[in-house]
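Note that the chains take the letters A, B and C in the order they are written out, and that residue 1 is the start of every chain.
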Amino acid sequence: MTSMLPSALRLPPALHRHRGLIILAALIAVLPLALRNDYHYDVVINAGLNAIVVVGLNLLIGYAGQISLGHAAFFGLGAYVSAILTTTYGWPALGAMATGIVVVGIVAYVIARPILRLKGHYLAMATLGIGVIISIVLNTEAQVTGGPDGMSAAPFTVLGYTFASEQSWYWLVGGALLLTVWLSTNLIDSPIGRALRALHGAEIGARVVGIDTTRYKVLIFVISAMFASFAGSLFAHHTPTVTPSILGFIKSVEFVVMAVFGGMASVMGSVVGAFIMTLLPNVLAAFEDFEPIILGGIMMGTMIFMPKGLVPTIAKKLRRKEAP
Amino acid sequence: MIESMIQFILAGLTSGAIYALVGLGFSIIYNASHVINFAQGEFIVIGGMSTVALLAAGVPLPLAIVLATLVTMLVGLALARFAIQPAKDADVVALIIITIGASIFLRGVVQLVFGKDIHSLPAFSGETPLNLMGATLMPQSLWVMGISSALIVVIAWFFNATLAGKAMLATAYNALAARLMGVDTKWVLLSAFALSALLGAVGGIVVTPITFVSYESGIMLGLKGFSAAVLGGLGNGVGAVAGGLILGIVEAMSAGYLSSAYKDAIAFIIILVVLVVRPNGLFGKKGIDRV
Amino acid sequence: MSLLKVTNLTKSFGGVSAIRDLSFTIEAGTIHSIIGPNGAGKTTLFNLITGVYTPSSGSVRFNDREVGGVEPHKLAELGMNRTFQNLQIFHNMSAVENVMVGAHLHLRKGLLHSMLRLPSLARSERETREQCWELMDFVGLAQYRHTEASAMSYGALKRLEIARALAAKPKLLLLDEPAAGLNDTETREVDEVIKRIAAQGITVVLVEHDMKMVMGISDHILVLDYGAKLAEGTPAEIRSNPDVIAAYLGTVG
């Protein structure tokens, strides 16, 4: 993370590390000026929730170099745990959310140990399979989950305050996103984060200098699943109905696309990727019939012309300009 | 008892034959380029849909089949030329995104050109069920199994007995060495996509009278084909065919004896178990990292 | 008790034996060189000792403990570390971060601790960075303190791997052709670095083709040919060994 800036311009380390977070906080603070109605808020809130998932997913894909084509299942599992516990069992929202995160963490751990030995396409297949299995179970166990019709969660109430308006949700999700970005940025720039990047960079080199690579792959898989569950719980309380469509293969692919489009191994890239890819379908709604063509075209185009993703590519361009 | 068992096996072999074709397509492309082509399922849809459209336009069935197959092969070539070749050196994740992007793109095109309706084709030789040891069999299932077997035999012959096929295998084994020996690896990539498109198209055409076709049917078929290829061991043609048949039979059995809602889940559970026990598939060789 | 004891070690790939029934010992506090023509099995031997490969048969004992087939990261914990002939650099990180990965074993790695970046972590990170910079200075990479690994030359990366291995504070350090591809000045620098490492009491196992360096620096030399032991002894003994002379005719200077 050494900067190319001359030392006089270098920020104090803590500010330098969190410069993205600071910019993001500023953007979140001023964005409401541009939001005209509840629909706008709704889109931005969903973008923020997706961004939480994608920041977590990017820890796995971008930093540790392991793919998951099943992350929507963890998002969906969190959503369903919150919906079921707060309605059927009348639990408080935060308790349900915490339970969801723990349950998903355990599920991810049990899955991760055997499958993270797999590499490349085999890992893609395994994670995809896990996602499909979880999605089929939730679709089929209709007595518990409402089946294809889905179910709703109770309103999100914390310490007697109920988040009801879109505005209140905006600030809630904004705060949750900032928390996620802060935790992730810290993690990346720690011994654990270095271990993850090392096993991506040269796995055998990492093992030989003392890193238990399996342990770190499992750890980051579990953590990224827990972030997804956290976002899923919030989503469940915000959306009118939780349906199995939120945890299918397509949704998992969308998360991966957001991470890759915004920029692998870039926390801010994940946020940018999530916002653009969430907003895009809404912008393209006018060309409804062309939406998949444009979406598919963007996916191919990004990977062919800027394989490192949007934010890293732009950052590199800017840095090159700065250098004499 | 025995009849229902035979019934399930026949159903499994029919869908398994299609999975085998798609899985074989995955393996051929994987060998030529180490790309997993998630757009493989779209070849099935394009093959089926084009035949439906041509037939509706008054083209006789045999000609419609040939034309639809050619159209699909052109799509395969275009995909290789414009989406895969420019990104040859990208890493695994990037290539996965490209081919998933391609599948979404093609799905969009199909939806635009042919609409969102579900279509079917008339069965090639009538709808009178045959009786096989108490189990019934639609004649179209025979077509599916027969044509798939024939294609698989032709593909096996192509790779083992023709110069072009051997050049493709050599590239899979060691691209650099093949290039040094004068094999045009660009040509190999294009051929692999054309060949996989052909397999997908023909599979799609023969199975459409049974399963119907819509712009969305490629997703699940693509995943099943990928599963078949992984189950057998990526890049292993025999493995892909075996994987496809196993997958088809497991699914049919689970649907029949356990629960039709869980048939896909059971298929995936079996794949996971296989991968945990054999990380490179049933027939894949164990790799060792060299340093 | 010797630090490393290899007994009847064999490794075959398919039908081909890369290491055949090899036995030797390494005493603590020495510089031990392993030489032999390309393909003799030197790197394979390193891979077997450091747990990258599992032996087909035979035993490797480190500090009187059987370690054949033990995972590499556990061996690093026990005090073994190495560099690679064909670099294993983390190109996605800065130079100093590469070295900091080497210090991983000695750092606190609590999850919450890291995610919340508690003050104790921030302090330990600062100290680790300082120490790793010093290690970079030690191997002659002072000018790369703020460089990304991807921007460094091959020769510099070879030394970066040495610094990374040292950061783990090993008892036994295996260096696989540290001077390959270096110019004369760089080779002399590496020679110096190895001597200083040994002077700190770290046992060094060296694979190297530069005979001048090997003969000048080693306490003990093992000569491999086709995966088996051809000769063993002090540099003087090796120099006058008829088998070695026959195999190396004219190349020992």
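Criterion: contacts are C-beta pairs under 8 Å (C-beta built on N, C-alpha and C of every residue); 3 or more make two chains touch, one makes a residue touch a chain.
Please read these numbers as outputs of a predicted model, since none were measured by experiment.
Asks: Keeping to the contact definition above, tell me which chains border both chain B and chain C.
Replies: A chain counts here if it touches both chain B and chain C, which gives A.
Asks: When the mean CA coordinate of each chain is compared with the mean CA coordinate of the whole protein, which chain is closest?
Replies: Per-chain C-alpha centroids compared to the overall one single out A.
Asks: Looking at C-alpha means, what's the farthest chain from chain C?
Replies: Most remote chain from chain C, centroid-wise, comes out as B.
Asks: Could you grab the centroid distance between chain B and chain C? Build each centroid from C-alpha atoms only and quote it in angstrom.
Replies: So the centroids are 48 Å from each other.
Asks: Report the inter-centroid distance (CA atoms only) between chain A and chain B in whole Å.
Replies: Computed from C-alpha means, the inter-chain centre distance equals 32 Å.
Asks: Between chain A and chain C, what's the gap in Å when you average each chain's C-alpha atoms?
Replies: Distance between chain centres: 40 Å.
Asks: Quick one: which residues in chain C touch 2 or more of the other chains?
Replies: 52, 84, 88
Asks: Which residue numbers or ranges of chain A touch two or more of the other chains?
Replies: In chain A, 204 touch at least two other chains.
Asks: Would you mind listing the residues of chain B that make contact with two or more other chains?
Replies: 289, 291
Asks: Over in the complex, which chain C residues touch chain A? Could you list them?
Replies: 50-52, 71-73, 75-77, 81-82, 84, 87-94, 96-98, 100-102, 104-105, 107-109, 111, 113-117, 121-122, 125, 146-148, 161, 164-165, 167-168
Asks: Considering only the defined contacts, which chain B positions touch chain A in the complex?
Replies: Going by the criterion above, the answer is residues 30, 36, 83, 86-87, 90-98, 100-109, 111-112, 219, 223, 226-227, 230, 234, 259, 261-262, 264-265, 268-269, 271-272, 275-276, 279-281, 289, 291.
Asks: Could you pull out which chain A residues touch chain C in their complex?
Replies: It comes out as residues 1-2, 14, 183, 186-187, 189-195, 197-198, 200-202, 204-213, 219, 223, 265.
Asks: Touching residues of chain A toward chain B in the complex: what are they?
Replies: Per the stated touch rule, the residues are 61, 67, 69, 114-115, 117-122, 124-126, 128-130, 132-133, 136-137, 139-140, 203-204, 249-250, 253, 256-257, 260, 264, 289-300, 302-304, 307.
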